[in-house]
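Next come two complexes built around subunit A: one with subunit B, the other with subunit C.
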Partner chain A sequence: MTTEFVFATAQYDSGDWDSAPLLPANIIDTIARYTEITVAPTGAIVPLGDDRMLRYPLIYMTGHLPVRFSDAERRNVKRFVERGGLLFIDDHNHDVDGTFHKTATEEIARTVAPLAELPNNHPLYSAFFKFDGPPTTAHELNGWGDNLVHKHLMAVERNGRIGVLYSSKDYSSEWNYHPDSKRFLSVDNTKFAVNLVVYALTA
Partner chain B sequence: MNAMTQLRVVRVILAIGALLRGIAWGLGAAFTLFAGAALIDLATPLSLDTRHLILAVAVVSAVSVGASMCWRDRGVLSLERVAMWIEERLPSLEYTLVTAVETGNVSYVAGVKTDRWRPIAIRRSGRALRTPLVVSVAAFAILLILPGGAVARMTLPHAGDSIERASVGGRSTASRLTPMIADVVPPRYTGEKPTSVDEPRDVRAIVGSALTISGRGDAKGIVARMGKDSVAATQRGDRWSIAMSVSTKAFAIRLTDRSFERIVAVEPVIDASPSVVLSAPAHDSVLRTPKGRIPLAANATDDFGVVSASFEYIVSSGEGETFKFKSGVIGSQKPTGKSVSLSSALSIDSLELKAGDIVHVRAVARDANDVSGPGIGVSETRTIRIARADEYDSVAVDAAGPADAEKSVISERMLIILAEALEKRRPSLRRDTLVGESRRIASDQKKLRRTVGDVVFTRLGGDPSGEEHTGEESPTRAKTMEEMLARADSATNQSSDPIDFEGGESPVVAVNKPLLEAYNAMWSASTELEIGEPGRALPHMRRALELIEKARKAERIYLRGAPPAVVIDVSRARLKGKDKGSASTRRALSAADSAAHSRLIRFANIVDLVQRDQKSAIDSLLVLRIDALADEPSFASALSDAADAMRRGRANEASIALARARRTLAGAPVARDSLARWSIVP
Partner chain C sequence: MPSLRSRLEMWCRVAAFGVLGWLLGGSFFTSSNRRIERANTQNVAAHLESWTRAPSTTTLHLDLTAVPETWVVDWLAALRHSNHLVNWSGSPPAVALVTEPVSDPEGGVRIDIAAPTGADVVVRDEGSLIDSARISALGATMLTPIAIGNVTATVGSQRVGATPIDSARLKSVVVIGDAGWEGKFIASALEERGWAVTPHFSVAPNVDVTQGAPLIIDTARVSAVIAIDTSIRSHAAELERFVRSGGGLILAGPSAQSLRALAPGSVGARTRPTVHPADTMRLGTTGFYPVMSLNSGGVPLDRRSDGVVLAARRVGAGRVLQVGYDDSWRWRMAGAPGSERAHREWWSRLVASVAYVPPAAPNSNEGGTAAPLAHMVDRLGPAQAAVNLSGERPPVDRRLLLALILTLLIVEWGSRRLRGLK
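Let's look at the complex of A and B:
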């Protein structure tokens, strides 16, 4: 059993789960830059229907298309959350009227529990860097998707900690670039990912 | 009435007597058993199972005792035995009756007096009934004098009758929490019957059930506490009761009566959602053409019943970041029953699908749960994709990391806006102002073109700057797109592979073709802008933008299941690795070439000397040639040609050779951002 943190991307039967292929490497680079967390140099792709998904503390899931869990995926996601894992779902469409949003939230409600607004003073936002709430993305400011700047993330909490974190902010587009391109940014827009990882490992 | 007829009447009387005696003994046995059990139940409550057993034993005893008695007296059915029985009581017959029965000759008993036979038979039957009747009546009397409900608990035992049990020597100081029952009335939609539980400790009930706990006695002072809530008992006749509803969470009821306390745990039973299995289509599939009908079939089962079922579909169209969706419901049914088969067909034609569209189909069933539901069950989703026309012969390309883009580059869209604005202001501008502003746009257009060129050549495995930085007028520059494609093809060295060819071009070139076309369109645009013609540049610029958009979409092709593996050098990211700087972003200056510089000075001095002393100049040229032979052979060759021409007195040839020597020594001409030589601008 490895002791290093492995960034895991969820692979599910329906939808385009691999729509943000550069995001894992970018987040791993961010973790390496800002923390001393022992991090694996490459991410892992984890089928949600496979029991091995239970080995990962944080699983990232995204896509544009409808999310329909199979029975095995539903069972594993439920076990994953009950065991203290953190499933981070990001809507790559950034659209609350979109099919991904509707189907993913429906699946989570059926599998775990209905999502609720996560208060902006939640420990997640101070787990490493200090945030006043979820960072705004370029997609929101550009008025794409649902043309909204979402004030909150959504979450399902279990035993006082987040089990499922749901974002309509499209971090998948915001963070989906090669880590070498970070040097062109005046402010690193992936810092919030550090909070996600640190929260998943410590909360 | 003759003797034979009278004999038959006597047989009937005796048979009835035997039957009644058997019944009386049977009843006596049952009543005695009930009375004994009821007396024991009064002293110590018998469980429901025990009472069921006692009831069964009582019934069996009654039947078996009665039957055995009847069997023992089965002789009354025989005329010979009845005749013999009469002969025993009336010896004066001297066996004439028996002989008449055996021979069938009634003449033997002709004239026999038969008037005493019937009274004798009736008396005998009465004597036989006496004892069993006494026993039965006595036992029945005991049952009658027992307290109310005691007999019913034995004869009609059922769950919840503990509250009906009579207590012996009841005291006012006793707990009113015993006996106690819990009545559970399930929600009406379940169709389940109400149940009762004696002396409840754990009660399992469907969510939404009405739960009533009751006991005997006054309700005053009896309280039920559930967490922070408390409910007082209400009076119903001679009983107290507390009613509540079963919620989705388990809870404990703490009942108190003065110092007495009882706890009842309530475990809710969640109504499960329907289980739905989609049997057709059995697998995800890809259709080459959007035509036909796809049969749909599913089965739904529910613990209490399915009330509606249907198929749902979602059609997703688009790619990359742009998707559109439409959804619908087909094959709706309102079935009844716990198991439902659902079937329908999906008309692909009516959905008006296009290539690349994906249809997601699933079956959905709802139960009748109107309390905490409805419970919705869904099947797994099947996807039916319409194939793209070119997907069977195209190449999927792993997404590469973005090139290190130059941030000072202005986008093509912005350049178009600038060019349009300039064209609009053109009538009011002087020609030199127009050309100046147009050239500034051209300069930005060139930067963007170089960026595009770098992207293309980086992908093709060539030198990112090899194409553009050789100079505008370099003879090595590709003049046409075909030439550039050919060179790109050559760079990849893949054009020899016949498998990858499509329409005579390699797949790498095909994928990058939009960018290459954009590159050439930008070239044409910058040419027009250089001569102050923004209006003529605009079509090229718009074409370039269109092609960039096309290339952007083409980039978003990912190999499903195999995203690019980017390995992060963690040590480098933490500035702890061997890589000490960002050498990749800066180019070190080339070392100063002191030898070339020295030769350049010497060459200049020799050229000056030619005018004054040609012979000395020729000697100096030869000395310089020998010095340069080792590392500058082309320069040395030019010097040799120049000296030879000078020796032969051919000044023109000598000048050409000297010029060639100078160019060779100075290196390639430096590209300058200036107007082309053929410009018509003054």
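Let's look at the complex of A and C:
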């Protein structure tokens, strides 16, 4: 099928882009579990410096280390957002004083536009499941990072749609497990990923 | 055997009574030999006042190189109704002008001109010159973002005018299908262009992402519907009613399989298109469903080496487009520079070509008649061959005829008297 949704993970030159290797399969499982969206059974790894990244309108990006885009990456990310793509960046450190947060937000401000708080009544939070805001993760208060519960996600909007979504919630840790382990959870903690994908596909 | 003299007397008597009979007949029956007044394109207006006072038996003939202004034609038509014989000859150019608002949120006016092949047309509005063109086939079409006041086109000495309707009253565009990039980016492109878009995407069983009120498809609310995939089949009856009442429908990708009664053609197996050098698709192009075996009334509009990608068909009062592409979003996202704008404009044009636009009351046409020759033929009848007119004899002066009768009778009477007869 040519119209199937492919979950894409960003590969960038700096940093540890593959710090949550189990996350794509888990999110793909969640999408298939709750929706009728035709989803590719495996994700794709997309170098941000390659024009082919434009074939994936939703790209997930994470890491712990400083983010410094190359010129090609910067050019592609800019085009990607301008053309209607959604770049979801999650701070694997969940630390607003950490190097990933500082460098990634700076890079986004430089490449696209400064991030702004996303209101908790944004359509993203009601795109499929209903949320009062970004769901809290078990990792936010685990003694690492900034030990804060981050009340908002950050975003850059273009034409009324989110172009860059930035999270300090550390969903990369929260969702980074084998899909089969979901059965041990009383509440599926990956539901917000459904909202993210449905929003990207419909908004 | 009568002598030559008596035969001459007989001839004079017969001729005198013959002419007398012809005069008497002429007083009972209308003579075909009316007085003819002639005018041409340049001076016809100046003659109207005197022609109005002329006897109703006068024939008014126009030798035209261009159709006179509307009020002149209407005046002549009034004279015709008052028993004047009005006819015309010549070959004024058959020119027609139509202005229509473009069915696009960004507005604009489309100007269609029909004129003889090879004619030079100059189009202007009350602000300035719009464009000029040499007619190559049936006519010319011009697009202008705005038209100020009346639009006029001039072909030689012929001038036609029309008053554009302000703008098309567009309703929303419904995009229906399963959640996916194609629907999302079609909706985005149209919204960015200014269309009011009502997306209706199916995400899960009984879960649809939509805006506001439940989806109702009728021409009071919707100008066009875009079907992305075969999930449209649940709306088949509603859509057929919508199209037959004038609504526009675009069947993208495989969706035509679900609406065969409306589709311009059947859906072939998906293929990978040949990329032309001028395509902005470059990275974006993937494949398309060729339109196969066109249905009755189906017309191919765009053909690639791999098959027809775009076909159209009229169904009832509405129009249906079948678009082979099912992932045009790749064109927008991954195409060459400019592909985002190209994708937006392409989809907007597709929607504009089928969108239902409620008929608007035409503005008062102060710019003249849009088809002056047709108007004149309607009011005065078709051209009369000039050769017939040249064969017409001028009316005979009845005084001369009376003198002729008198002369004939005097000659006949004098001859008889000289012969001693009474």
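By our rule, the second predicted complex is superposed on the first by the 200 of 203 C-alpha atoms of A that agree within 3 Å, B and C clash if a C-alpha of one lies under 4 Å from a C-alpha of the other, contacts with A are read in each partner's own complex, and residues count from 1 in each chain.
Quick note on the criterion: a contact is a pair of C-beta atoms (placed from the backbone, for glycine too) under 8 Å apart; a residue touches a chain by one contact, two chains touch by 3 or more.
From a predicted model like this one, the values you see are computed outputs, not experimental measurements.
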After lining both complexes up on subunit A, report clash or fit for subunit B versus subunit C. fit
Between subunit B (first) and subunit C (second), which, if any, makes contact with A:Asp71: first, second, both or neither? first
Applying the touch criterion given at the start, work out whether A:Asn121 contacts subunit B, subunit C, both or neither, answering first, second, both or neither. neither
In the overlay, answer first, second, both or neither for which of subunit B and subunit C A:Arg83 touches. second
Angle at subunit A between subunit B and subunit C, C-alpha centres, nearest 10 degrees: 90
Residues of subunit A touched by subunit B versus by subunit C: which partner has the larger set? B
Counting only touches as set out at the top, which of subunit B and subunit C does A:Leu201 meet: first, second, both, neither? second
Between subunit B and subunit C, whom does A:Asn147 touch in the aligned arrangement: first, second, both, or neither? neither
Could you tell me if A:Phe184 is touching subunit B, subunit C, both of them or neither one (first, second, both, neither)? first
Considering only the touch criterion stated at the top, classify A:Pro57 as touching first (subunit B), second (subunit C), both, or neither. second
Tell me, in angstrom, the smallest C-alpha to C-alpha distance between subunit B and subunit C in the overlaid model? 11
Which residues, counting only subunit A, touch subunit B once they are in their complex? 11, 13-14, 18-19, 21-22, 24-25, 28-29, 32-33, 39, 41-42, 45, 64-66, 68, 70-71, 92-93, 98-99, 103, 110, 173, 177-181, 183-184
Which residues of subunit A touch subunit C in their complex? 2-3, 5, 34-38, 51-52, 54-55, 57, 80, 82-85, 127-128, 159, 161, 198, 200-203
Contacting residues of subunit C [partner subunit A, same complex]: 178-185, 188, 191-192, 199, 201-205, 207, 209, 229, 253, 270, 283, 286-287, 326-327, 329-330, 332-334, 340
In the complex, go through subunit B and note every residue touching subunit A. 314, 316, 321, 323, 325, 327, 358, 360, 362, 376, 378, 380-381, 383, 399, 401-402, 404-405, 407, 558, 560-561, 563-570, 573-574, 582, 585
